[in-house]
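Next come two complexes, and both contain chain A; in the first it sits with chain B, in the second with chain C.
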Partner chain A sequence: MKHRSLVVLSIVALLATVVFSASLIAGQQRSAQPAAQPAAQPRPAAATPARPATQTAAKPYVVPKTVDGQPDLQGYWGNGTYTPLERPQNVTKEFYTEEEYKTVLKTRASGEDEQTTPGTTADVHYDFTQFALDTSQSPIPLNLRTSLIIDPPNGRLPARVGAQAGAGGGRGAGPGGGGGRGAGGGAAAAPAGGGRGAAPGGGGGANNQYDSIQNMPIGSRCIIMGGSGPPLMDAGYNSVYQIVQGKDQVMIVTEMIHDVRIIPIGDRPLPPEQLKQWIGMSRGHYEGNTLVVETTNFNGRRPFQGAGQNLRITERFTRVADDKIDYTFTATDETTWVSPWTASVPLTKEKGPIFEFACHETNYGPANILAGARATEKAAADAARK
Partner chain B sequence: MKATRLKLAAIATIVALLGAVPVWAHHAFAAEFDVNKPVTLKGTMTKWDMVNPHSWFHVDVKGPDGKVVEWMVEGGSPNTLIRLGVTKYTIKPGTELTVEGYQAKEGSNKAVGRNFILPDGTRLFLSLSGAVPGGAPDK
Partner chain C sequence: MRNRLVGLVVLTAVLATALSAQAPATYRAPRTKDGKPDLNGIWQAINTANWNIEAHSPEPGPMFQLGAAYAVPGGFGIVEGGPIPYKPEALAKRQENYKNRLTQDPEIKCYLPGVPRAMYQPFPFQIVQSPKHIMMSFEFAGALRTIYMADQTPAPADSWMGWSNGKWEGETLVIDTTGFNGMPWFDKAGNYASDTLHIVERITPRSAETLNYEATIEDPAVFTRSWKISFPLYRRIEKNLQLTEFRCVEYSEEIIYGHLRKPGTGPAPTR
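Moving on, here comes the complex of A and B:
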C-alpha cells in the first residue's frame, strides 16, 4: 500500500514537473522582455539587474563618494542566497516571477528546517536553525534570477576544454576546502573551495584523509574557506564582508574565516607570475562608479569550479542603492573553459560589525577526528586479533 | 485559481526535485562523533565557549551514582546569533539543559549536540528569547 502510494506520488510529481516546465517556457514566450535578454559578452554590473526591468524607472541613484572622491562602497555586506550558480536543467528562463521566487524561497527555507532522522549519519550534526545559520535567518537580497551565472545566456558553465561536445557544464561542486554550503542547491552550486559536507580537497584523497592533519580538507584545517574569494560567493553562513576604502587601497574583510584582501588601486604592476597566493593577487581601478578588480596569481590549491593557477577573476562592484551593491565577476581560464563566464551575486547591506573567527585557535574538530580514526583502527585491530 | 494552485504545486515539486538543501559541515561530524553512540545528557551548563569554527558547551551531568561528570558539547558557530543580539549573558551559566546528541568516537566525554532543549521544552536559541534586538549590549 505504501509502495503504491509512493508510485502514485512519483507520477504526480513528474507530471507536475512537466507542467511546470511547460509553464515556464510558455511564460517566457509570453513575457519576453528586452531587459531580460542576455548579451553575448560578459556585461558590466550596471547592466545586470537582479530583477527584470518591468517597473517604472525610479529616480537614478546618486552614488555617495568617499573623502577621496571615489564611489563609496564601504560598510558591511552579505551575499547569502538561495540562487544556484547554474540554472537548473529543468528551468528555461532567466527570471522567476515574484510569485515563483517567493515559493522557491519558502521551499528552500523550509528545507533547511527539516529535521534529520535520529540514528542516521546526517543526524550527527548540530541543528543549523538553532544557531541561526540557515540562510533564511540572514538578509537575502531579492534576486529573481534563476541562476547566478548571467553569461553564457543559458545560465550554465561553459564546456570544459577537451570535453566531448555536449558534455559542458553540470559539474558538481569544486574539490572542496570544506568551506561553504554553496548557493542554495541545484546543480553545481558550491562556491570556490566550497563543497557540501566535508569533501576532501587541498589535502589528501578521501581514502586517507584521516591519516594525518595534512591530509584533511583545507577548510577543516581553517586554512581557507569558500567565502574568502575572489570571487565573493555565498559562504554558506557567516557570509558577511566589510569593505574599507582608502585612496590607494581597498580592503575586503571576510568574516568566514577572517581573510583580508588588500587591493592596491592604480597601475601598480603585479608581482612576478611565480609568486602565488591562496586568494591570488589583486589590482583595482575605478571605471566611473564601478570598482574593477583583476586577480591572478592563484596558487591553484583551492580550485574554483575546476580552474587552478591559470584562473583570472575580474570583479565589478557598483553601488546601486544605499543597501545594495551589484557585484559581478568574470572567470577566465583558457585551459579550463572554452569561454569566459560571468555571474552576478548581489551584495546586500548587513548589520555589522564583523565578528572574529579565530578558527585555528579553537578548531578542536580535527584533533577529535584524528583521535576517533585511531580509536576506530584500534578497535578493528583488537577485533581481528580475537 | 486552479491554475495558480497547480503552478505553486509544480514550483514546490521542481524545488523538491532539485534536492533538499543538505546540512553543511565545516568538517565531517560523523568522523568525529559516533552515530552508534547516541547520548542524552541532562545537566547544568557551566560555560559556553562562543568560539569558531564551532561553539562548545560545558555541561555538568550527574550520573546515577551521584557523581558529576563534565561533558563538552559541540554546537554551531555563534556569529549569526551574536549579530541577532545573543550575548554571553543570554544563556547564563547554571542553565539546565538536556542535550540530545552523539558521543565522540574516541570515547571521551565529548558529544555533538543535535538538540539543545531547555526545561520548558523549547529549543535553545530558536525563540531567541534572550536576544537583544539591535545589538549586543555590554552588561
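Moving on, here comes the complex of A and C:
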C-alpha cells in the first residue's frame, strides 16, 4: 500500500485529469501488460462466507478488542475486487473453483490493460497500471463468489418496482457498481453515464455535460466518488479505507477525497427527516462481534443502483481474521426494488498509512475541458460565418 | 535569623511561582480506557480569528451586496504579544492577499483549510481518539487531520493539512506538524505561511467542556521569529449532535469555473 500510495501521490497533480478518465475509460485502453502480481497470485483467505462452507476452520478466530472492549476493526482496509455486483448471465453457480477464479482474475486484470485505444490521447494520459489506477495494484481478497450479491440467491438485483414481469432485475452494473472509476461520465459526445460501473448510480453528469461545471459528473467535480459509501464498494482504484474506533464512535475514512463518515454507536433518536446528506446519516450498534450500521437520510443526488432518498442501507462488519473483515450490506427501498438485496464485499488488510487526497484543490481537468468546449464552439461558429 | 527569614521568603516566592505556573494543570481530565486524557467529542472555537487572527476593528465585508450580514466583526485576535513578526517582503504579500481576498482566499474556493485555520473556523470539528491515532474531522470541506500517536514518520509528502505526530505530556496533547504545501491562509485577512511552516500545538483540557489550545508557529521563510496563538475550544454539548456534511465544493464552482460556462446556459457567472 505504501508503495502504491506513493505512486498515487506522485500523480496527485494528474488526478484532476485522471478523474476525467471516467469520460474516456468506458472505451479505454492501455498497453497490454501482464496482470499485476496480486491478481496473478491471489492471497489465501480465511474460511469465510466468501468461500463454500465445506471446510471448517481448525480454530475459531478470536476477535481482538479495542480498549473500550468492542470488537476491534481498526486499521487500513481495501475492497478492490474483480467480482461483479451481479452474477454474469452465462454463469449459473454461486462459487467458482479456485482454478476458474484465477482465470477470471487474469482475464479481468488483463482487461484493465486494454481500456484505451493505442495511439490515442487517452492512451497517453491514462496508463492505468503505470499510474497505479488499476484494481490489481492493491491486494484483492480471494473471493470465489461469482457475484457480490448473495441475496437474492440468483446473484442478481431484484426486479424494479413497476417493471414488467420477466424484465429482469435492473441494469447490468459494472464491477463496483456504485461509482466506479471517476464516478460517471461518458466519452466526449456520448450521453452521460458511460463510465465503468457508473451510469446514474455513479452520479453521471447531464447531457451537454461540457456546457458548465454543474453538468459534469460529481466524481469529476471532486464532490464525492464511488466507494465512500455507504455502502463501501470498490471504487475502481485506490479503494482504501481506515477504520478508527473512539469511545462510542466509529470513523471510516475513505482515502478518495478524504471522505469521512463518523458513526455514533448506541441508542440515539433517528436523525431529523429534513436533514439529508450525500452519505446519509448512520447509526451503529454492536451485535456480539459484529458492528451493525443503519443508514438513512440520503439526499438522493447520488442514486445507488437507481435508489434515491428512500434508500436504506444496513451494513455488517465482522472481523474474521487479522487481515479480513466480512462486510455485507443490505439495500432496501420499497419504491425501487420489489425486495431488499444483500451483497458481500470482503475487506482485506492494507498497509498504511493513507494520504491526503486533495482532489478539488488541483482539479485542473474541468477548467481545461470547459475551455476546450468553448474553443470548439467558437471555431465552429467562426467556420460557419465563412 | 534575618537571613533565614529572607531565605524563607525567597523559597516561598519560588514555590508560589512554580505552583502558579502549573495552575491550569490542576484540572485532571476524565481518562480514556488506556489512561489518556479523553478528548473525544465535538469542539468549536468561538472567536473572530477566521476573519483575522490579529486584533482588528469592525469593517464592511468585501461585497457591499451582502450588507451587514457578512460584515467583519471586530476582535481581540488570537496572536500573543503583538503583531505577527513578518519579514518585510512577506508583510507586503500579506497586504496583497488582503486586497485580493474576495477571489484568492482558499476558503472561498472550498479548499482544505490547513492548520491552524481549521481549528478556529466557525465550524465544529470532532475528535475520535484511539491509542494509535487521534483523528480530527472538520465540518468545513470535510477536512481531516490524523495525529499519529504511533507509527510516527517524518512527513512523507507536502499536503494542505500537514503531517502530524503527537505525544502526551501529562494532561497536554502535544502535536508537531510539518509537511505543509504553503497553500492555505490563516484567515480571510490574508495572513499566511509557506511550505516551511512548522507548528507545535498544545491542547490541554481546562474543564469538562473547554480545552486550552495554543500553537507555536515558525516559518523562517516568512517570519523573523516564532510566535504563538492561543484560544479556548468549547465542547458542543447539544445532545445527540453530529457533524453534518459541508461538502462545499459545489458552492464554490461558479466562482472557479463560471467564466467557462457556455454562454446563455444557466445562471450568469458570479464574477
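Keep this in mind: the second predicted complex is superposed on the first by the 292 of 386 C-alpha atoms of A that agree within 3 Å, B and C clash if a C-alpha of one lies under 4 Å from a C-alpha of the other, contacts with A are read in each partner's own complex, and residues count from 1 in each chain.
By definition in this document, a residue touches a chain if its C-beta (ideal position, glycine included) is under 8 Å from a C-beta of that chain, and two chains touch if they have at least 3 such contacts.
All figures in this text were calculated on a predicted structure; none of them were measured in a lab.
Taking chain A as the reference, the larger set of touched residues comes from B, when chain B and chain C are compared.
In the superposition on chain A, A:F355 contacts both chain B and chain C.
Of the two partner chains placed by superposition, A:L142 touches none, neither chain B nor chain C.
In the superposition on chain A, A:P366 contacts both chain B and chain C.
Of the two partner chains, chain B is the only one that A:R108 touches; chain C does not reach it. Contacts of A:A380 after superposition: neither chain B nor chain C is touched. Contacts of A:V244 after superposition: chain C is touched, whereas chain B is not reached.
Contacts of A:T66 after superposition: chain C is touched, whereas chain B is not reached. Contact with chain C, but none with chain B, is seen for A:L275 once the two complexes are overlaid on the shared chain. In the superposition on chain A, A:P217 contacts chain B only, with no contact to chain C. Common to the chain B-facing and chain C-facing surfaces of chain A are residues 210, 222, 257, 355-356, 358, 361, 366, 371, 373-374.
By the touch rule above, chain B contacts chain A in their complex via residues 6-35, 38, 49, 51-56, 74-84, 100, 102, 104-108, 110, 112-116, 123-126, 128, 135.
Listing the residues of chain C that touch chain A in their complex gives 32-34, 38, 40, 106, 109-112, 126-133, 135, 137, 142-144, 146, 148, 151, 156-157, 159-161, 183, 240, 242-245, 247, 249-250, 252-254, 256-258, 260-262, 265-266. Across the complex, chain A meets chain B through its residues 13, 16-17, 19-21, 23, 84, 88, 90-91, 99-100, 103-104, 107-108, 111-112, 114, 116, 118-133, 135, 137-138, 178-182, 184-187, 196-198, 210, 216-217, 219-220, 222, 236-238, 240, 255-257, 350-351, 355-359, 361-366, 368-369, 371-376.
Across the complex, chain A meets chain C through its residues 6, 9, 66-69, 74, 208, 210-214, 221-224, 244-249, 251, 253, 257-260, 262, 264, 268-269, 271, 275, 277-279, 281, 352-353, 355-356, 358, 360-361, 366-367, 370-371, 373-374, 377.
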